[in-house]
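The chains carry the letters A, B, C and D, assigned in the order they are written, with residues numbered from 1 in each.
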Amino acid sequence: MKKTVIAALSLLLCLPLAAGRIVTDTVKSKILSSDVVLNVYLPDGFGRNEAQRYPAIYLLHGLSDDYRAWRDKGQMQTVVDELISSGECVSVVIFMPNAGGPDTHNTWNGYFNMPGWNYEDFFFQEFMPEVEKKYKVVGDKEHRAVMGLSMGGGGSTVYCQRHPDLFSSCYAMSPWLDNESNSVGPGGEKDKRYYVCEAVKEHSALRFVEQADDETKAKLRTVKWFFDCGDDDFLFDQSVKMHQLMRGAWIHDELRIRNGVHNWEYWHQALRLALPFASRNFGK
Amino acid sequence: MKKTVIAALSLLLCLPLAAGRIVTDTVKSKILSSDVVLNVYLPDGFGRNEAQRYPAIYLLHGLSDDYRAWRDKGQMQTVVDELISSGECVSVVIFMPNAGGPDTHNTWNGYFNMPGWNYEDFFFQEFMPEVEKKYKVVGDKEHRAVMGLSMGGGGSTVYCQRHPDLFSSCYAMSPWLDNESNSVGPGGEKDKRYYVCEAVKEHSALRFVEQADDETKAKLRTVKWFFDCGDDDFLFDQSVKMHQLMRGAWIHDELRIRNGVHNWEYWHQALRLALPFASRNFGK
Amino acid sequence: MKKTVIAALSLLLCLPLAAGRIVTDTVKSKILSSDVVLNVYLPDGFGRNEAQRYPAIYLLHGLSDDYRAWRDKGQMQTVVDELISSGECVSVVIFMPNAGGPDTHNTWNGYFNMPGWNYEDFFFQEFMPEVEKKYKVVGDKEHRAVMGLSMGGGGSTVYCQRHPDLFSSCYAMSPWLDNESNSVGPGGEKDKRYYVCEAVKEHSALRFVEQADDETKAKLRTVKWFFDCGDDDFLFDQSVKMHQLMRGAWIHDELRIRNGVHNWEYWHQALRLALPFASRNFGK
Amino acid sequence: MKKTVIAALSLLLCLPLAAGRIVTDTVKSKILSSDVVLNVYLPDGFGRNEAQRYPAIYLLHGLSDDYRAWRDKGQMQTVVDELISSGECVSVVIFMPNAGGPDTHNTWNGYFNMPGWNYEDFFFQEFMPEVEKKYKVVGDKEHRAVMGLSMGGGGSTVYCQRHPDLFSSCYAMSPWLDNESNSVGPGGEKDKRYYVCEAVKEHSALRFVEQADDETKAKLRTVKWFFDCGDDDFLFDQSVKMHQLMRGAWIHDELRIRNGVHNWEYWHQALRLALPFASRNFGK
């Protein structure tokens, strides 16, 4: 039977879905005085129609990881391919920029401005304009979302708090939303890890909501918010506190506490929820 | 706040759950005239109590893969750790034996006896006795399950059909249950791929049900069966046919058709269903 | 604590979500020479803005049920309210027309034309125009979906096959897609049940795909199709056959086989999948 | 085709699964000086084998509801039948006792002792012994679980806190775990609602954990705990606080925050999680 021959061949090849692809690219940054590497997921058919423009998702990694984490540890492509194929997510371009590295004492980490590493400036002034133009993105709030895990979940939240006019939705996975520690080393040294911890403290997403005035709250209500954290995650308290503060400020958000800890199994499953969430909140 | 310091440290370490571990081992086979490598998942606490015995799961890989596939591509450990931790799966030893390799034309593949590769004999006469003794397994039908993907899903099914006294449950993912093709090469050559295709044909799990007599059917009813296949899997028809044949023979089984194709995303999700299924069907 | 007082009060009241409401209405039909009752789900805020128009879903009941079934047995309102509230379904008007009754021997049942009961004519010529105008529906293919269970799943499928220009999506639950029986009574009598069975046979959704020419297939590809049936449903074979025929005709569809039988628990869960499916396939 | 005739007949009958049944019974209480009504779910096959004994689940209703709520509003039978049929829950007897009524100002409500309504005494001294004997229950901690919603979720939790030797697991849905209000009426009257609010305050499940000594904590660790509450439930804070206190006391529990409010849709879905949880924690 011909079908079975094809079957036998397919067993060998294990053909994927009509699949997107991931390309690696570099953006030169004057602000950071360095090149920033990124992975970009391009959906099936990207580039075929010259005029087509896509919604964009920024997918942020965590502390001590880098731009490769979502591709390699998170296996993001199989999830995105599947969800686009079944219509649960629209065709979308996904940017995974570098904002860290494994050696947190000696490598810059973080999405915020800190002395010597003005990443937020870079992100909005250099990075976003360049990649959105290059990769055929619609480029408005209604077609832009941000999501990320841990430090990247905090980054997503704060980016939407400070730029609510730029994103339609925010999905924060096991987010690092605040930091109260004194992060100096045993000998009082202030290394790169010190600075990222201080930056998270200064950009506390929790305090931002607590101190928001009416005008700010009104702007925050234009973003769709989703917080997703494991019941055994060491950052559990922060997501819950966030939900309570948001509710207290009459800003609608979604909260999910699923089974799990601070690991890639949790985030892999989270991505299956996050992409449909972003997708259905894109402008129509 | 001390908690946050721990938090900051944990961010760097990304500590897993109370975790099991995977060891690699080798079984010498006279039947196959070769060594067979395997990975073994050992649950947290394994070996701490000398007298404790564990249920066993055999987790089988697919064609052109080997004993490393479930660990590396399937990321099985994070799933098992999580499900044991939440009680959805009991503490269990999981054997992942080698039965294949990437070059299907020149490497033996398959779970059945074929000329020069009597794997089924090896599995039941040499492999199972040795590893169950070494890894402190209870060792009866009530505490033994088998599951696998594609060629390994077919292998699981056929093993349970031919040895229903040995397994309490079978979970077949995207299983390869039959083969009707003439698998000789373009020049009529009979290479290793030819033999595995022929062996699947000879061990057709579909025909086994069709031809089962009453005594055989009675034995098949002592096993819990689960077939799970993607709606866009090229092997879809076989799982459906199996369910129809089982129903026709009044042998109860579960069938699920979920969204997906013949890929690791499907099997990773399947494992989250398969382990609780095996666990709740272990003897009590 | 004031909050707790509110809590205590709420315990008594069990306040629902920002909720829609269900109204009962009647459409006079010349074609059927009778009045047809329907329930209509109106989302929260309906009517507040005079100019607003809504997408529409037609939600069809099964044989021997009537227009009250989805509201009362299916508990559809809590599902719709929840999914609209969380954004998984857009604000939508849902029509649940009557097409049957409990005494199938003496009450008309069915969505097709049959001698004395030209329901399909009524549906498209009288019913749809009247309710879509009255209930502020957008009224084009891009904003119209149909779904239903059993006889209503078959009705949904056939309506989309015969009117692919009118619906963006079809979600068929445990659908009755064909009938091969001779349905005359023991004494050869042809009662109302005879006619509905004959009508299903004449409108076989399976045969429709088998016999579709290229032009028809092209039109069918403009509809998003979803078939959802329990593994222990007595109509299981029909959904599977449909998927195989659709695939053979290169018409993309989704198929899910979940755990279950032909009952309201299955359809209640199905509705949680069907509404997001219809919603994401509405035009943007 | 004979199959289709059966199909047509089944369409009319909509036969359920191999189904359990619900019986209504009455227990005479000296302690309460009244009869207490209950519904009992008996699994398929109950009574067929005289010697068989079953695990037992106590399924508790909420404030202003009564013993009929889980059967009628919660549609519990279809869920239980399905989960037993698929093996996700073992065959089990489920008791749904009356502990309230719709008029909370004039009808006794609550699972605790209060002046004139010593329900906890009744439950453990009269009710449990009588029904467990009559309905062939194993009758030990390893085969007994308790679960409930709102006031019944609080009741479940407190019963397990005060009788950890009697239950293997507790699943609390949207639980009412504490009360800080002054519940006297506007004119200072102390009606039946006043007493239930006071009783919840006195039996605060949160304070119980806060004040637990080491011996008590050790006992609490012998119970499996699950808290499940909607993100938009007005009692959200209590479930989260409970999880934080349990974690602080090193007592392992599961917490899930799913989408939803304080309604039957939430509890119907919760039951699908609660029964497998209880089942897998029954002794083996």
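Here is the rule we use: a residue touches a chain if its C-beta (ideal position, glycine included) is under 8 Å from a C-beta of that chain, and two chains touch if they have at least 3 such contacts.
Please read all numbers here as calculations on a predicted model, not as lab measurements.
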Chain pair, A-B or B-C, that carries the greater number of C-beta contacts: A-B
Which listed pair, A-B, A-D or A-C, duplicates the contacts of C-D in over half of its pairs: A-B
Length of the line joining the C-alpha centres of subunit B and subunit C, rounded to whole Å: 40
Subunit A-subunit B separation of Cα centroids, rounded to whole Å: 35
Where subunit C touches two or more other chains, by residue: 86, 254, 259
Touching residues on subunit D, where the partner in the complex is subunit B: 86-88, 224, 254, 276-277, 279-281, 283-284
Subunit A-facing residues of subunit B, complex: 1, 4-8, 10-12, 14-17, 62-64, 75, 78-79, 82, 85-86, 104, 150-151, 176, 179-181, 183, 193, 197, 232, 234-235, 259-265, 268
Subunit C partner contacts - residues on subunit B that touch it in the complex: 231, 236-237, 240, 243-244, 254-259
